[in-house]
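Before I ask anything, let me first share the structure, which is written out below as structure tokens.
When the chains are written out, they are named A, B, C, D and E in that same order, and each has its own residue count from 1.
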Amino acid sequence: GTGGGPDESSTTLTIAANSIEGGKNAESAQWIKQWVIPEFEKTHPNVKVLFQPSGVDDEQYKTKIALDLKSRTGADVIDLDGIWVGEFAQAGYIKPLTEVGGATVEQWEGWSQIPQAVQGLGIFDGKKYGLPQGTDGRVLFYNKTLFTKAGLPATWQPRSWQDIIDAGTRLKAAGVPTPIQLNAGTAMGEATTMQGLLPLLAGAGAEIYTAGKWTGASPAMKDALALYQRVYGGSGLGDPKLQQEAKGRDKSFARFAEGKIGILAESDYFWRSVIEPKAGVAPMKDRDQAVGYAKIPAKQPGSGIRGQDYVSMSGGAVRVLNPFSKNPRLAWDLLAFMHSAAATKAQLAGQVRISARTDVNDEVLTADPMLKYIADDVLPLTAYRPGLAVYPQVSTALQEATAAVVSGRSADEAATAYQAKLEGIVGGAANVSG
Amino acid sequence: MTRPGKEKPVITLHALTKTFPGGVHALDDIHLTIADGEFFALLGPSGCGKTTLLRTIAGLETPTRGTVHIDGRDATPLPPGQRDVAMVFQDYAIFPHMDVTTNIAYPLRIKKVPRAERTAKAADVAARLSLTDLLHRRPAELSGGQQQRVALARAIACHPTAFLFDEPLSNLDARLRLEARTFLKRLQRELAVTTVFVTHDQAEALALADRIAVMSAGRMIQVATPAEIFHRPATTFVASFIGSTPMNLLPARATDAALHVAGATLPLPAPVQDGHLTYGVRPEYMTLSPTERPDAFPGTVSVHENLGTHTLVTLETPATLIQAVVPEGDEPPLGTPAWAVPRRALLYRDDTLLTTL
Amino acid sequence: MTRPGKEKPVITLHALTKTFPGGVHALDDIHLTIADGEFFALLGPSGCGKTTLLRTIAGLETPTRGTVHIDGRDATPLPPGQRDVAMVFQDYAIFPHMDVTTNIAYPLRIKKVPRAERTAKAADVAARLSLTDLLHRRPAELSGGQQQRVALARAIACHPTAFLFDEPLSNLDARLRLEARTFLKRLQRELAVTTVFVTHDQAEALALADRIAVMSAGRMIQVATPAEIFHRPATTFVASFIGSTPMNLLPARATDAALHVAGATLPLPAPVQDGHLTYGVRPEYMTLSPTERPDAFPGTVSVHENLGTHTLVTLETPATLIQAVVPEGDEPPLGTPAWAVPRRALLYRDDTLLTTL
Amino acid sequence: MARPTSAADAAGLGTGRAIAFVLPALTLIAVFLVFPALWTIYLGLTDYRLTGTAAADPRLVGTANYTGALTDPRFLSSLWLTVLYVGGSAVIGQAGLGFTLAWTLRTRTGPLRRAVEGVVLLSWILPSTVVGFLWFALLDRDDGTLNALLHTPGLAWLLDHPLLSIIVFNVWRGTAFSMMLYSAALENVPPSHLETARLAGANVPQQLRDVVLPAIRRHILTNLLLISLWTFNDFTPFVLTGGGPEGRSEILPVYVYRVALKDGQLGAGAAISFLILLINLVLALAYLRLLRGRRQRRRHQEIAAAGGPPA
Amino acid sequence: MIRHTLGRLATTVVIAAVLALFALPMLWLASAPFDDTPAITTSIPDFTLRNFAAILDNPYALGSIRNSLIQGGGAAALVVVLAALAAYALSRVRVPGRDALLYLLLLLSSVVTGTAAMVPIFELATRLGLIDTHLGVILVVSGGLLPAAIFILKDFMDDTPTSYEESARVFGATPLQILRHIVIPLVRPGLATIAVWALASVWGGFLFQFILLRDPEKAPGSVILYTLYTEGGAPKLDLISTFSLLYSLPVVAMYLFVSKRYGFRFHGGIKT
């Protein structure tokens, strides 16, 4: 759309994102500077668009944005992790898009292109706060070379947790140093929760937050922790030390690339950016041949959430409008523009990842079977985290529970400790289920 | 031996009192007038207030009471920089980060004398003190004597009304000190600038000063010429403090016409009332006799100290030690008895000079 | 005046050489024997190596070459603690955090003497040095003289073979120094312990020592008794260094039977070959004459320095300054001409003593 | 040097100018230090968070944050770890090694001394963001330089000995300050005192006990005060261990970081910061008490030295 | 003699061991930047300068070092100047309770350098219009460093004999002249030491620099170093190692300069 205020002549708009040229998410930063800004300024001759890059740890970025919004300053269009939408909304830092951008928001053409589940990333309390940029999905990556060596099929899809354990046992017997890498412990941070405990919990039939209650030491939680215990509790299937090291996750990437890990649960980021043959941080030249991927099975077929056989977890970033923007309507124009099909395609230029728009995905993902697999097979099964302010603490509690198991405590003990901790975090047993 | 001619007072202290916060009475009601061109020494034991007096004249300490007049002006309220005096500190306080020229020229720099002029002036003064070859050295590269000369040069460079010296010789070694003494005396004669000189070395004070003030515990005990101080010390304190060998001070008892001191009976020219009497005689005014005499102090020779042309002999008496200076070669052997005959003596009652004998 | 009787060598230095890393030759081939009970002074200007020599004896410096024997043993390889010597430093080095008793008893504590015994011993030594009342004071609460006595007491307490004193008097004020001198001399007589005493003050060395070694630039120039050193200084360096007033050293020219010095013609008892001659006469051995004399040095009176019983008069001659000591009252007035008549003199060729005159 | 201690107002500053000299620094400190510090202390009384409902509407909760922290076993274990960390790395490690270096280098000159001082100081001034990588390279389990040197492949220093590792790390990081301070302090020990002890036959430990330590006690206390304070607030170990494994290296600054930044509980974080301040205060008072005993004696000393011997 | 030599040999060995302990971690900084495939561990590099070319391609890398110099240098200068003035006055004029005040400030500085003071600092900077300015960073970090700097410098000042100042004063120098001509030159080694200390403290600081600045053109090296990670948080070691090296050089250079020129040490020690 066009529109905008009468004094467009002296207007500047600012975009803030956790990306920076030459650093973290450099592609995204390049896209904003080299595509979004010139293109938008072409159609809005009197508007100057500025970019405010960051490119740091998510927590630090979040802190900075929160401080900005708290003091009613900051950029007009802001990148946020979907998981933060709830807490920012509760704090009054962001407002529903229609409240800020006006009536035109509802009429945006893009809504029809974004699947409901993905739209959920920007929704809190039933209101749309942000436009999702894209999403991801978690699967099990496995090393086909090692599988062949262990006599396992090169095309592998486990149907239950037991299948994973069995494969791990075979790999171990075949001399693979670390058969299974299931992120655990506090050092891995959110990777433990997203790639580890939450998919398992979903596979055992529970979500971390449902109907206003947080899942405590429920049977599903105990099942999930029990699987950790089977992997790390002396079976030799996993490497407990690796979970404790501060740089454990980076090392797990490197080890997978070196062919020392059999099965590894990760998001498609692993495929795109870690073992990517050319620019990855732990490149595998023969990625396309040597690495397979499989959906994460439920504990038993049908025992997953919504009765599913397979589960996954997804996250994704959104863009929101700053409610204290001086030109909210114009900011919305910019936001909508950044999420147009053309913009989305431009953003993906050269690389393949799952955007929020189906029209773009349909076009782009054909280039990469893996991402197409995620979009087609995994996203329909996936689940999202609750965007509430206490979630980071709950996540930490979950990480600590896995850490306890890794360091030798039983799943039950860890679950009990977790329950106590959780009650403290969420304000009493009344808010805990299970 | 006051210097003749100039009698204009340059420094006048009136009822000067300084009490430090801790309650120490460093100066106690000091009255003093120092004449133009005079070389005035402040002498006294450590802690008697010499430095404090000097610093009060310089304006570095504010007196608790009393006034300081310099060159006719009441300087009491003036800051140090406006009193037109120059001070040489015991540690010389030459600035370690400046070379000799810059150090000497520093007072002129403060007075905003143009650079060329002050360098010339510094070179001038330096030449006078034979420092010309050292002009570009840093203080760390100078010997003690050279440092002292730099400090003097800096003081001279600003042409003050008065010099204030705080033990400027005490950091030099014994030999250098003697030479510096003569040098300083000639220099002061030449410049004819009023000088107040602090020392705890009586020999220095005697040798250098026109007048000496002997201080003790913040008070002036005696202000007089060196000769007067040497020959008629006003109190036993001054008597014991002055002289290159310590004066023999012996308790005495007076009868009608005789004085009984340390085993000797001495004639008294005029009768004295008895009381707390002290008989003082300098070792230089003693003669040793190998035979008994009633007017001599008997003792046993216990120590010889070679003084060069003379020997200081210490006699042990039952009650005390008595010292006498004898020409070299005349010393009685150690361990033999000897009798010390006084030639010139002083008599004190209650530590105050009563009469000379 | 070597002490009679005891001639056993206690300290023997052989070919002792010390070169510091910087290349300074602090000691240069020193040979020396110090007898039992002797009071031996090391005298010399600053930097001549006195302290280095003392420290090498103590074992605090390792000699570059040569040996140190103490009490018959080769002590060269021994650490300081095993040489059985005690040293008193210029700053006394009494430990500020220990009281007097503990300080005195410290060497005994290191030797593991039981507490009761060492306290008793400390009290004993302290009593001898009149420190009994101060036994529980801290060093900060002591005067300089008392501190010095504590340092001595600590040295005495461990009954060493020899005492080594590094300028122990130089931190005392002028008056105290004179008293301490006599005290030290009496004490050493009493204890009869071999003592090596470093000083740069010739008066101290003359007064105290049985023998004196005059050092210069790491070498021993003369080792002799005080009288010998005073009357027959071996070189002009020693001559200028010794004496409480600096010796007049004048360039001289010899003809057949006469010496031409600073405007005077003096008789020569025996003919001397000409060369680089120096005529030396102590101010004490000069008489001032108000009238011209051919055998006297003419000059103008320029400075009087009061020495107490005498006055040091400086004459300015066209070429140099000449000093003479006259009894007080006999000084010619400043600015008048005067003739200085030598009574006893020394003649040096190439700075080495040729003859006495 | 005649008077090492300052007489009152040597330069004739006067009160007015003295205030003018102090004022700029005090203003900056007041605005950018005292004011935020007081505000932080106030935040410690609220349930303030960076996001969520508590961010919009923080409530005063009184001492709840404090009782919360003091009853949190994690806080208590963190406090204990910090005590061990400060004691081990600052008091024993930095001060001990710093003193040892200062003592052994004291009489040396030349390249060895310069090299040692150089690397020790380099460890101190390298940016904290960089040193983390250096230590990973040293301590890594698989290819770490240390394991390669010690022939102990696979020894996970940071996991098996997390506290020891960060203690050694902090010794490496901070010894320079103590070394410099003690080097300077040792120059104030009169050589004659040491030599007197040597002449009496004292060995090195006896010399240290009887001469050196009493002479530099005030330096030691000041050094301990500063390095304890700095170590107590040192966040750098986080880059090495991230507080783990299982909080076994979660010292208080890391704990605060986790509570305030990761969990977003700024109120609680502020309260703990204030608790750290109180602990530091206790520490400082303890040190000062030791110091004061010394000071009074020193004052006594000055008076006595200036005023001559008391009768 | 032999004993002595043996003892000296033993201490030399101990010193060499300490030297090794301190030098070992630095090997990474010497090897990784030149390694074709830098890892988080130290290895003999496959020598290349490619990493340097790569870091120079980063649009912010060099600029960030300049920013670090501006902020670190600015803070160091501000801290040295203000602390010197304050320390001088506190050292020379008796103010009752000055020691207690210094200790209190020292303690408070620990609160403010912690994470929890983030919000007050940020709000303060916002209200004062200091967000996204070098000045803001300089002022905030200086506030935290000043108490310790005053504390240390005051001791330096206490140790300089007052006779120099008194001497200048008798010649008529004003307090400012005394400060300029005498005191500053005398304590210059101390000032230089404090300057390096302040610079080094600011150099590695991240959190405040990050939240106070918006424009990456103003970000210091410590912030830019944090951007050299992937979206998943994995370090790009080729860039990080090279940047670490470049970024450490200015501090090291300043240290070398100061230590050569003035001697990097605490003359007299700190003993208040």
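Please note the rule applied: a residue touches a chain if its C-beta (ideal position, glycine included) is under 8 Å from a C-beta of that chain, and two chains touch if they have at least 3 such contacts.
All values reported here derive from a predicted model rather than from experimental measurement.
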| item | value |
| --- | --- |
| Steps needed, at fewest, to go from chain A to chain E via touching chains | 1 |
| Chain pair with the greatest number of C-beta contact pairs | D-E |
| Geometric centre distance via CA averages, chain C-chain A, whole Å | 91 |
| Distance between chain centroids, defined by C-alpha means - chain C, chain E (Å) | 54 |
| Centroid spacing, where centroids are CA-atom means, of chain B and chain D in whole angstrom | 53 |
| Residues within chain B bordering two or more other chains | 45-46, 60, 79-80, 89-91 |
| Overlap residues in chain E, where contacts from two or more other chains coincide | 39-40, 118-119, 123, 161, 163, 166, 168-169, 226, 235 |
| Of all residues in chain A, the ones touching two or more other chains | 60, 63, 67, 70, 247 |
| Of chain E, residues touching chain D in the complex | 11-12, 14-16, 18-19, 21-29, 32, 39-43, 78, 82-83, 85-86, 88-95, 103, 105-121, 123-124, 139-140, 142-144, 146-148, 150-151, 155, 157-159, 161-163, 165-166, 168-169, 175, 178-179, 183, 193, 196, 200, 203-206, 221-222, 225-226, 235, 240-241, 244, 247-248, 251-252, 255, 259, 264-272 |
| Chain C residues within the chain D interface of the complex | 55, 58-60, 79-83, 85-87, 89-93, 95-97, 106-107, 110-111, 138, 140-143, 146, 154, 158 |
| Residues of chain D touching chain A in the complex | 49-56, 136, 141-142, 156, 158-159, 239-247, 258, 261-265 |
| Chain D to chain C touching residues, read off their complex | 190, 192-193, 195-202, 206, 210-211, 214-215, 297, 300-301, 304-305, 308-310 |
| List of chain E residues in touch with chain A within their complex | 39-40, 57-61, 118-119, 122-123, 126, 131, 207, 210-211, 214-216, 223-224, 226-236, 239 |
